[in-house]
Amino acid sequence: MHIASVLIRRILNAAGLLAAVLILCFTLIHLAPGDPAEVIAGEMGGATEEMMAEIRALYGLDRPFHVQLLSYLGNVAQGDLGYSFYFNQPVTDLIVERLGATLLLVISALLLAIFLGTFLGVVAARNPNGLISHFVTVLALFGYAAPVFWTAIILLILFASVIPIFPASGGMYDITGPDDPISRALDIAHHMVLPVITLSTIYLAFYSRLARASMLDVLGSDYIRTARAKGLAEVVVVYKHALRNAVLPVVTFAGLQFAQLMSGAVLVEAVYSWPGLGTLAFESLLRRDTPTLLGILFFSSMVVIIANLLTDIAYRLIDPRIRSGAR
Amino acid sequence: MTSFIKFARATTAAALALGMAWQAQAAEPKKGGTLTLLTSQVPRHFNPAVQSGTATGRPGTQIFATLLRFDEGWEPQPYLAESWSWSDDNLSMTVKLRAGARFHDGHPITSKDVRFSIETVKANHPFKTMFGAVASVETPDDLTAVIKLSQTHPALELAMSSALLPIIPEHVYSKLEEGQTAKNHPMNATPVGSGPFKFVEYKQGEYIVLERNDDYFLPGLPYLDRIVYKIVRDSSQRVITMEQGEADFYTEVESINIRRLQKAENLVVSDHGGEAIGPITWLAFNTKRAPFDNPKVRQAIAYAVDRNFIIKALQRGVSKAATGPIAPSSPYYTPDVETYDLDLDKAKALLDEAGLKPDGDGIRFAASIDYLPALPEQQKNIAEYLKPQLKKIGIDVTVRNAPDFPTWAKRVSGHDFDMTMDLVFNWGDPVIGVHRTYICDNIVKGVIWSNTQQYCNPKVDETLTMAGKEPDLAKRKALYAEFQKTVAQDLPIYWLDIVPYTNVHSKKLVNPPLGIWADMHPLDKVGFAE
Amino acid sequence: MAPPLLSVRDLRVEFDTRDGIIPVIQNLSFDLHAGGTLGIVGESGCGKSMTALAVMGLVPGPMGRIAGGSIRLDGEDLVAAGEQRLRQVRGNEISMVFQEPMTSLNPVFTVGDQIGETVRLHQGLSRREAVNRAIEMLRAVGIPAPEKRVHEYPHQLSGGMRQRVMIAMALACRPRVLIADEPTTALDVTVQAQIFDLLQDLQAETGTAIILITHDMGAIAELAERVIVMYAGRKVEDGPVGEILGQPLHPYTKGLIRCVPHLEADPPVERRELMEIPGVVPGLSQLGGVGCPFSPRCSESRPDCNMMPVEKAGPGDHSVACWAVSEAAS
Amino acid sequence: MSDAAREFEQELRVESPAREAWRMFISNNSAIVGLAIFTLIILTTFVGPLVYTVDPFELVWAPLTPPGEEGWLLGTDYLGRDLVAGLLIGGQSTLAVGAAAAVITITIGITVGALAGYYRGWVDEALMRVTEFFQVLPPLLLAMVLVMLFEPSLTTIAFAIGIVSWTSAARLTRAEFMRIRELEYVKAARSISASNARIIWRVILPNAAPPLIVSAALSVGTAILFEAGLSFLGLSDANVMSWGKLIGDNRPAILAAWWPVTFPGVAIFLTVLAVSLIGDGLNDALNPKLRRR
């Protein structure tokens, strides 16, 4: 198939998916009890009926459902995700900043999980009955079975209170600290350690196991025997010839699991006050801030779609068979 | 000075003494430093003129100056107003503004801004009773404002303090574009006021940064260079943040964490401050729904609830009993009402009288209880406690979970509930925070924190109307006492307790905000020790 | 005669399995002379591929190991050599072409990379030189448009092409010994012939000694000078190709030859149809017994066969391990 | 159906692979440990409350009584409720939610995957779009919206979890169906004109079962973790004890009392651990490729 037509197909597909996400979620949120006027009234300490009506009129909540939906979709099509009832800001502004924080967290956790997981998996595969192999098995089981928010709470209490080496107040950086770029970057790195480790635990477990199984498979293959027969050192055989083939399933899963990773981020962000989309989503859900919530669902779906696309590209880069359309 | 204030001072001697004790220790703080405050709340914006609540009120009181400020002894003090005086008929107040005071953008503050502010608050603030009595504001010159009342309004001075009447610049907030109202004015998010601190930055859900207003109208103040509000949602995390010295102050400490914070060497825990807010935790009944339409049933439930257990065990002795609609810290409080101390036999007898006999399983009737989905210690926990407790007198209680505020508000404001836990503020004067819950006029379906119990007693209405405008304090007190006795008898609500605004602050802090409005008060005198 | 280039003596390879230690190769000895071609024949599972791996020092550990004997390359014992020395030998002095061209090339690297890798490793060529060598080698193995093919991936090549690439890779360093393990099994018949021709041509050109491992007597007849026949991890017959094909002594060898109709110039009338050896090759767990492993399938089986036959010299340069033959020869 | 077809089917249903799988499973030490833990948990949570009859909602003693004091084995929670009773009764609902959600997950997953993989063409195309839709939405966010919408109860939570987690089961089923439908015996079944429904459910599904069984076992664990996550965010049923609810409710007290959060956490951990050990055991036992390793 021609590359342009593939691309167009994918973009159309993505647009369809995003539209479906918006329509379904808009409807769902609309069906939920309570509306933003009540929340705003509640936060203000009560309100008169006229004020409630005024708030509803202000945000167009008094119009029939289908009118609201169509006008919303129309705006989105023009790149306008609307205005947050609750936070009094354009939704796009609100989300873009948070999206950065979430992506920083999620991507760091994912990379850590992939690289460390693959490394552990490879080491374990080279010696299937060795200590590391058992460690990987145990790690995989524990990482999977411990609820992520639970790990988060324990790490926070342990490393911010008992042994206070990481910031207790969480967040992404300390606004009261120095604000030159280098100090700020170091500060962010310092704040990131616990959330990233927590979030990566589950996936670290998963990928190390996946990499181990995949590596065992690859190490038994004919081309590895060929590589050995060339007189290549074992390190080259494993890390050049085997690894690139063995990471293929890891890459596939990384793409598929991006949505789950964003889910995990909601819980991790909640514990570490990480200013990401997860926290914002939870807050806007509690406040029936429909535009913000929809914006988040829209952006996170888009992120997942892009992540899948990048996975495909990574896959193509690693595996020439896909690249040329064979197979 | 009105008789209200004199009375208030007399009846709050205890608070005054505490305030003085605290003032005696106070030393001159050093200049400079960044004050870090913790909060769990995410503000919508920073303009308290159109938004009630502490989330906006805390930073709002730093950004916007008010005409008056109250000290620790409920005593009004000059602030933007250099002086103020009442007419003899108590229907007019003349306010003299401080000369040379400017907004953060350099514009001088005039009496027109005062008029604009009062009008904006009157039109947009949910507390209609605050300025409902204001007929007009006259501006004879730039520094004089005369507030004309249609009826006497003793609560006016209190309503001119804290976050209730921010003086907002007319030249900024009167400009409205298409589709804008005062409520969604873009400058609410980047406010221009005249308070001790200027708005710098708000990272949504992360932090708020304010910086020193060098052009502040009170000479030599404020001491601090910067105030940072860090938003930390989790209570345990706030505790360790304080312990690690990453922050200097936070209020609304949960009772569960008090003991731990008291052990920290760098911190002081105090339950002073916020007396004016008067948050009462209560159990409200839907008085239009059987069997709660029968006062005997409501009384029976009150007798079955062990208020003592709630205070001693669930709140770990931190809270104080609330026996009626007015908080004990208020000058209008009377203890002389039926308090419904635990008496299960009496409770059962009352239910028998109401014709609700137990069935084979000992169940008389089933009912549900809702709770405000915030502050679990004061809401959810008590609702869950009531489930087994009311079973003892044969009521099978289902706790209805409300995952979020709108769900709960929809049920309660829609009158779709049997009983609900709630937390409602007195807001200083009963006119502002108490009347709304009990007057027949305020039974408004769809509006939360209206009279959602749908309780209507013409006698109560009459008493409250009179009390609201009674300038004579003794008479006013008598009227409110009568009101308290009546509603305690009718019992549309069973008042449980008041959890004080326990706060914790760093020992380095000088003049921490422990007044009647706690940190909803200008922090211009707060600073760090040398 | 010059001393042999490769000399294997009393080789024993063992594997650990759930049923205990299994000897997969026992008492195997053979010599390979420079420029010569040795054929190793036998059915699948007879140990011929393991022999190749043993010579390469690639017996899969940790379950498998060389438990005895010696493998001398120019007098140097590779069994005693360290891993580092073995790596210098592999792909450089001894190299190998595997059975499965479809899977023996790494799918994620270009063929040029994979050929060049060997020469860069052993001869320290630069990247560019390695590419040139790869092109040269691809041309040598008869791949058209090698400048283009060098940048292609294995999946873009046909099976025969891939096997040519494997051969190019194996010969890139001009090794002294090339082990070709069933190099044509997975290929079409026409391609098989081309590959054999190629091997012969290259051998003539480079003087590389070849060990050709196969179950195909036809290929042996065409290429090899000497043949050893293996069964169940043991050598059962050994001799010059003409003698083995012309006068097979061991019943197993006879059976193998009978399977290939055209090798018998004048087949008896009753053997016109394709013959096969009854029964199956013994499984791993049956190895290491005391009797002749072939006896259950042997048409000439006799009571002696419950003891292991010893290798006996037959006529000329021919040896065989069979009780029946020994008796006939004596 | 013809005799030939019946005979053919019977031939497919050979007993020995199942028996061999079982033999493999019970010879796998960690799977046996998993099975033992799981059995123990089931027994305690379902038989325990018959013996230990304290009401989990009853306030039995002072709030946050430490374990072992005043005769309360695991102590009391923030209201003074007995944690032993809470864990026992709470375990029932947690396990029920886990099992129910897993059943929903697998049912939707298998149905969608089977139809897509068997019919292909536009059916496949349409169903895969639906699957993609559920795959791009972060599951926890969607589940949160669903639970809020229908109010938190065990049923809504189980449904919400099921609805957001079926996609991987669907993809797995689809892949298996696509592979198996091309195999000879399916072609044979089709040639003797067995109905589509019969081929899907009686011929292909039993042969696609092994990976699906493993996936079902693992999804019980995932669902339990999911329930805990929702409870942690405050989305739980106030009238039904569950392990997640215990953690979520007691979390504000964690600095004052470790036990009301730790014990249910350990319970969840052990259950999920047991389930995943069983899942791994099943995987090794049912996957013939791994069997050789």
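For reference, chains read A, B, C and D in written order, and residue numbers begin at 1 within each chain.
One rule holds for everything that comes next: a contact is a pair of C-beta atoms (placed from the backbone, for glycine too) under 8 Å apart; a residue touches a chain by one contact, two chains touch by 3 or more.
As the structure is a computational prediction, the values presented were derived from the model and not from experiment.
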For chain D, the least number of touch steps when starting out from chain C: 2
Where chain B and chain C overlap in contact partners, by chain label: A
Centroid spacing, where centroids are CA-atom means, of chain B and chain D in whole angstrom: 47
Chain centre separation in whole Å, for chain C relative to chain A (CA means): 54
Chain A and chain D: spacing of chain centres that average the CA atoms, whole Å: 24
For chain A paired with chain B, centre-to-centre distance based on mean C-alpha positions, whole Å: 40
Chain A, residues touching no fewer than two other chains: 32-33, 153, 157, 270, 285
Residues of chain B whose C-beta touches two or more other chains: 236, 240, 403-404, 407
Multi-chain contact sites of chain C, meaning residues that touch two or more partners: none
Inter-chain touch pairs (all): A-B, A-C, A-D, B-D
Partner chain B, residues of chain A touching it in the complex: 32-36, 38-49, 51-52, 54-55, 58, 86-89, 94, 97-98, 153, 156-157, 160-161, 164, 167-172, 174-176, 270-271, 273, 275, 279-280, 283, 285-288
Contact set on chain A toward chain D in their complex: 13, 16-17, 20-21, 24-25, 28-29, 31-33, 141-142, 144-150, 153, 157, 216, 256, 259-260, 262-264, 266-267, 270, 281-282, 285, 293, 296-297, 300-301, 304-305, 308
Chain A contact footprint on chain D (complex, rising order): 129, 132-133, 135-142, 144-146, 148-149, 151, 168, 221, 225, 228-229, 232-233, 247, 251, 254-255, 261, 265, 268-270, 272-273, 276-277, 293
Partner chain B, residues of chain D touching it in the complex: 55, 57-59, 62-63, 78-80, 147-148, 151-153, 234-239, 249, 251-256
Touching residues on chain B, where the partner in the complex is chain A: 34, 36, 38, 42, 44-45, 51-53, 55, 124-128, 179, 181, 183-184, 188-189, 203-207, 209, 226, 228, 230-234, 236-238, 240-241, 243-244, 246-247, 403-407, 409-411, 413, 425, 427, 436, 444, 446-450
